[in-house]
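The chains carry the letters A, B, C, D, E and F, assigned in the order they are written, with residues numbered from 1 in each.
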Amino acid sequence: MSRFTHLDESGAARMVDVASKDVSVRTARATGRVLLSAVAVDLLRAGDVPKGDALGVARIAGIMAAKRTPDLVPLCHPIALHGVTVDLTVVDEGVEIAATVRTADRTGVEMEALTSVTVAALALIDMVKAVDPEAVVTDVRVEEKTGGKTGVWRRGEVAGA
Amino acid sequence: MSRFTHLDESGAARMVDVASKDVSVRTARATGRVLLSAVAVDLLRAGDVPKGDALGVARIAGIMAAKRTPDLVPLCHPIALHGVTVDLTVVDEGVEIAATVRTADRTGVEMEALTSVTVAALALIDMVKAVDPEAVVTDVRVEEKTGGKTGVWRRGEVAGA
Amino acid sequence: MSRFTHLDESGAARMVDVASKDVSVRTARATGRVLLSAVAVDLLRAGDVPKGDALGVARIAGIMAAKRTPDLVPLCHPIALHGVTVDLTVVDEGVEIAATVRTADRTGVEMEALTSVTVAALALIDMVKAVDPEAVVTDVRVEEKTGGKTGVWRRGEVAGA
Amino acid sequence: MSRFTHLDESGAARMVDVASKDVSVRTARATGRVLLSAVAVDLLRAGDVPKGDALGVARIAGIMAAKRTPDLVPLCHPIALHGVTVDLTVVDEGVEIAATVRTADRTGVEMEALTSVTVAALALIDMVKAVDPEAVVTDVRVEEKTGGKTGVWRRGEVAGA
Amino acid sequence: MSRFTHLDESGAARMVDVASKDVSVRTARATGRVLLSAVAVDLLRAGDVPKGDALGVARIAGIMAAKRTPDLVPLCHPIALHGVTVDLTVVDEGVEIAATVRTADRTGVEMEALTSVTVAALALIDMVKAVDPEAVVTDVRVEEKTGGKTGVWRRGEVAGA
Amino acid sequence: MSRFTHLDESGAARMVDVASKDVSVRTARATGRVLLSAVAVDLLRAGDVPKGDALGVARIAGIMAAKRTPDLVPLCHPIALHGVTVDLTVVDEGVEIAATVRTADRTGVEMEALTSVTVAALALIDMVKAVDPEAVVTDVRVEEKTGGKTGVWRRGEVAGA
C-alpha cells in the first residue's frame, strides 16, 4: 500500500475554486538547466547548430508554452497572462533557463513559469539531440513568487507552505 | 558574441524532412525525478494529498502530453503514437517517473517520451505545491531508443550520436 | 424546406457581444448518465477495468474538457474558469456524472458544465469499451445556473428562458 | 468500497500499444439526439434561430471535434482521419444526429464518431439555449463498426465484446 | 548582413507586460479579400460548391480562429474575447471578408481580427480549391481600432503609431 | 439571393473521404508578402525591432502553424507532416514569405503551406505593429504542388483544376 494512493471522496481530483480570490498583480520566476556535451555547447556558442537557431526556438517555445499550461496541467486554472520573458544563457555545462511570468488575475502563475522553463528545455534538446543525444533537464524549480495573499515568497526563505 | 547565435541562411530553423525515412516500430524510454519534502512524500504515500489523487493525475497528464509534443516543441514532426505508459514511483526523496512511447512511423519518439516525463512532473508539482512549494524537477533524460536506422541506443553506451 | 435553414443576414452565425455584461460570480451544474452492462458495472465497482482507473480518467477528462469548451463549441466565449468539480457515481445501470463549474466573468458557464459531463462520459466509455461496446450516453442536461442578470435558474421551475 | 476504485499496478491507466495492429480501412457510425422544446424545433425548421445557422454550426463543430478526440479522451490514440460526415435531422422532438468516421489506420474510430455526435449536440444546444435552456442530449451510442480484426460489428447483434 | 537580424540582449523575443494597462472596451476591425475564378464565384452565388456550404464554413472558421490567436501568434497575450463577427460578401472578383472583434481587457485585439480574416480566407480556399486551385488571399489589413490609451485609430488617418 | 448560399442535402459540409487514395510523397509550396513601411523595413534589416527577433519568430510561427492546419481549417484532414521550411526575405516593400511542406500521406498539403505563410505573416505583423500599424498581408497563393494522382501542378500552367 506504500506506492499507490486510494481514491475516496476527499481524494477526488478537482479544480480548486478561486472565484473569491482577489484580482491582483502576481509574478513568478522559475529556473532550470539543460546539461549538454562540450560539443553541443560549442555549437550553441558558435551559432552552428545544424537544425537552426536553437536558443531562439527554445525561447519562443517557452513563451508559447506558458500560454498552454492549463491545457497540459489538468487542474490548472485558465487565466490571463500579461507578460512572459524567457532567458537562455549558454554556460560551460549547458544552458541555464529562467522564465518570468506576470498576470493580474486570481491565481498564482508558478505553474506557468515552470512550464515555460521545461518546454524551453525540451525545445532546446530537440534542436541539439542529433549532436548530443544525452542532454539532461535538471534543477527546474520556482525561485520567487509575488502577489496574492501571501505576498513575496522566495525559495529557501520559507520552510513549508 | 559568446552567448547568442547569429542567424544566417544555414541557421534558419526548419522541420527536417523525414518523408524518405522508413516506417518502422520505434520506441523511446525517458526518466526523471521530482524531489519533494518529507511531508509531501508522506501525503503521497498515504493518499492524502488535499487536492486529490496526485499520482493518477500526473500519470494521465503525462500520457496526454505525449500527444501534444508537436504542439509544444516547434520543430517536432506530428506523428502517430501507438502506445504510451507512464509509471510513477514514490521514493523517499520524491517521485521517480518513467515514460515509454511506441510508434510505427518515420521518426524517433524520444521527444514524446521526454515531454511525457516533464509534464507528468509538472502536474505532480501542481498537485502538491500547496504543501511543498519547493519541489524540483530533475534528471530528465532519454534512457533508451529502439528502431529506425540506428537500431538500439542506450544511454552511456554511445559517446556522441 | 422543412429540414434545413437558409442563410440570410440575420442568420449568419456570430459570437454574441458580452463586453457590456457585468463581471459576477456565476455557476452552472449539469448532469448525465452512461448506461453500462452489468459486467462493466461490476468491473468498475471492483476497480478491475483492464485499461486502468476508469473513473479517475473520466473525472480528469471532464475537468480538462471544461477548459476546452471554447475550442469545441464554435460560438462560446473564451472565459476564465475558477472552479470545476466532476463527480462520478457507479449505480446499477452504469455511472451518473455531475459537473459544477464556477467563474467570475461576463457569461454563464452552462456550456462548460455540459462539455465537462459529456467528455467525462466519452472518456469513461473509452475505458470500458473493450468490455462493453454498447455503452450509451444519456440524459445530459443543465440542472441549475446562478449569477448574472437572471439570478438562480433551476430546471423545471422555468417555462422558457 | 462500492463507489470508488483502488489503484494498483494493473489499474494504472495507459495508452494500449497498437503498433502491431494492421493498417486497414475502418469505419464507425454513432448516433444521438438532442431533445428540444416545440418552440426551438419551430425556429430550427424556419431557419430563424436568433444566434444564427444552428444546424450548420453544429455540423462543423461535429466534424472538427472528430479531429480533437485524442486531445479530449486521455487514452485515445492520435490517428489519421480520412473522412467524416455529420448529419442532423430536425424531428418533432428535437434533432437527430449521426456521424460516420473513416480511417485507414491501426485502431477503430468509434470514439471519434461518438465525440463528433456529442460535440455537434453541444454546439446545437449552445445555438438554441437562449430560446430553450432545457435541451437534453440523449441516446448517444455506437451503431456500427467495420474493419480491423473483428470485421463488422452492429449494435444489438453482439452480446459482449 | 542586410537580410537577417542578429540576436542580442534587446533583440530577444518576449511577451510585453500589459499588467498595468487598463481594462477597457476595445474593438478592432480587419478586412481582406479572396480572389477567385468566375467559375468559383458562380458556384458560391448558386450555393453549389461541391464540398458544401463554403461561406458558412469560412465564417465559423474565422470566428473560431479569433479564439486561437494566442496559440498561433507567439507573443500574443491570451485574453478574453467578448464578441466576434465575420462577414463574407461574394463579389465579381471573389469574396470580401470583414471581421470585428470586441473585448474588455488589457490589450488591443487587432491580431485577433487579422487572424479571423485570414483563417476565414484559408477555410474558403479549402472549400473551393477543387474548382479553383489558383485562389489568392490579398489585402488583409486592420481598418479600425478603438479603446485603450490611443482611443480611435483609423487606417490612413495616422502616419506612424 | 446573390450573396448567400442555401443549405441542402448536397450542400452539407463534410470531410471528403480519402481512405482509398494512395500514400505518396506530396509537396506544396506557397508564397505571400507582408507590405511594410520604410521604417519597419529598416528596423528589420538592422535587427532592431523593439519587440525582438521578428523574422525568427515569424519563421517558427509559420512552421508550427502548418501542424495546426486541421485545427483551423474545418474540413482539412489531420495528416502526418514530414518536412516544413519557411523562408522570409526582407525586400524594399516589406517581407516575402515562402513555405514548403512535404508529406508521405493520402492528401495534398497546399492548405498546410498556405496556413504556414499566412500565420508567419500574422506573427511578423504582431512583431512590428507598434512601429507600423498599417501592415498588409497580400498575394498569398499556392505556387506548386507535386505528388498524388495529378502529379506536378504549377501556378499559371493550368487553367482550371
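FYI, contacts are C-beta pairs under 8 Å (C-beta built on N, C-alpha and C of every residue); 3 or more make two chains touch, one makes a residue touch a chain.
Note that the coordinates shown come from a computational prediction; the quantities given were computed from them, not determined experimentally.
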Number of steps on the shortest touching-chain route linking chain A and chain F: 1
Most widely separated chain from chain E, with each centre as the mean of CA atoms: B
Interface sides of chain A and chain B: same vs different residues, half threshold: same
Chain of greatest Cα-centre distance to chain A: D
Interface with more contacting C-beta pairs, comparing E-F to A-C: E-F
Euclidean distance of C-alpha centroids - chain D vs chain E, Å: 31
Of all residues in chain E, the ones touching two or more other chains: 4-8, 12-14, 16, 53, 55-57, 60, 64, 68, 71, 74-75, 80
List of chain D residues in touch with chain C within their complex: 1-8, 10-14, 16, 32, 37, 39, 44-57, 60-61, 64-65, 68, 71-76, 89-90, 110-111, 114-115, 118-119, 121-123, 125-127, 129-142, 145, 153, 155-156, 158, 160-161
Parts of chain B lying in touch with chain F, wherever the complex brings them together: 7, 12-20, 70-71, 74-75, 77-80, 105-106
Residue numbers on chain A that touch chain F, as the complex places them: 53, 56-57, 60, 64
Chain A - residues contacting chain E, complex: 25, 53, 55-56, 59-60, 63-64, 66-68, 80-87, 102-104
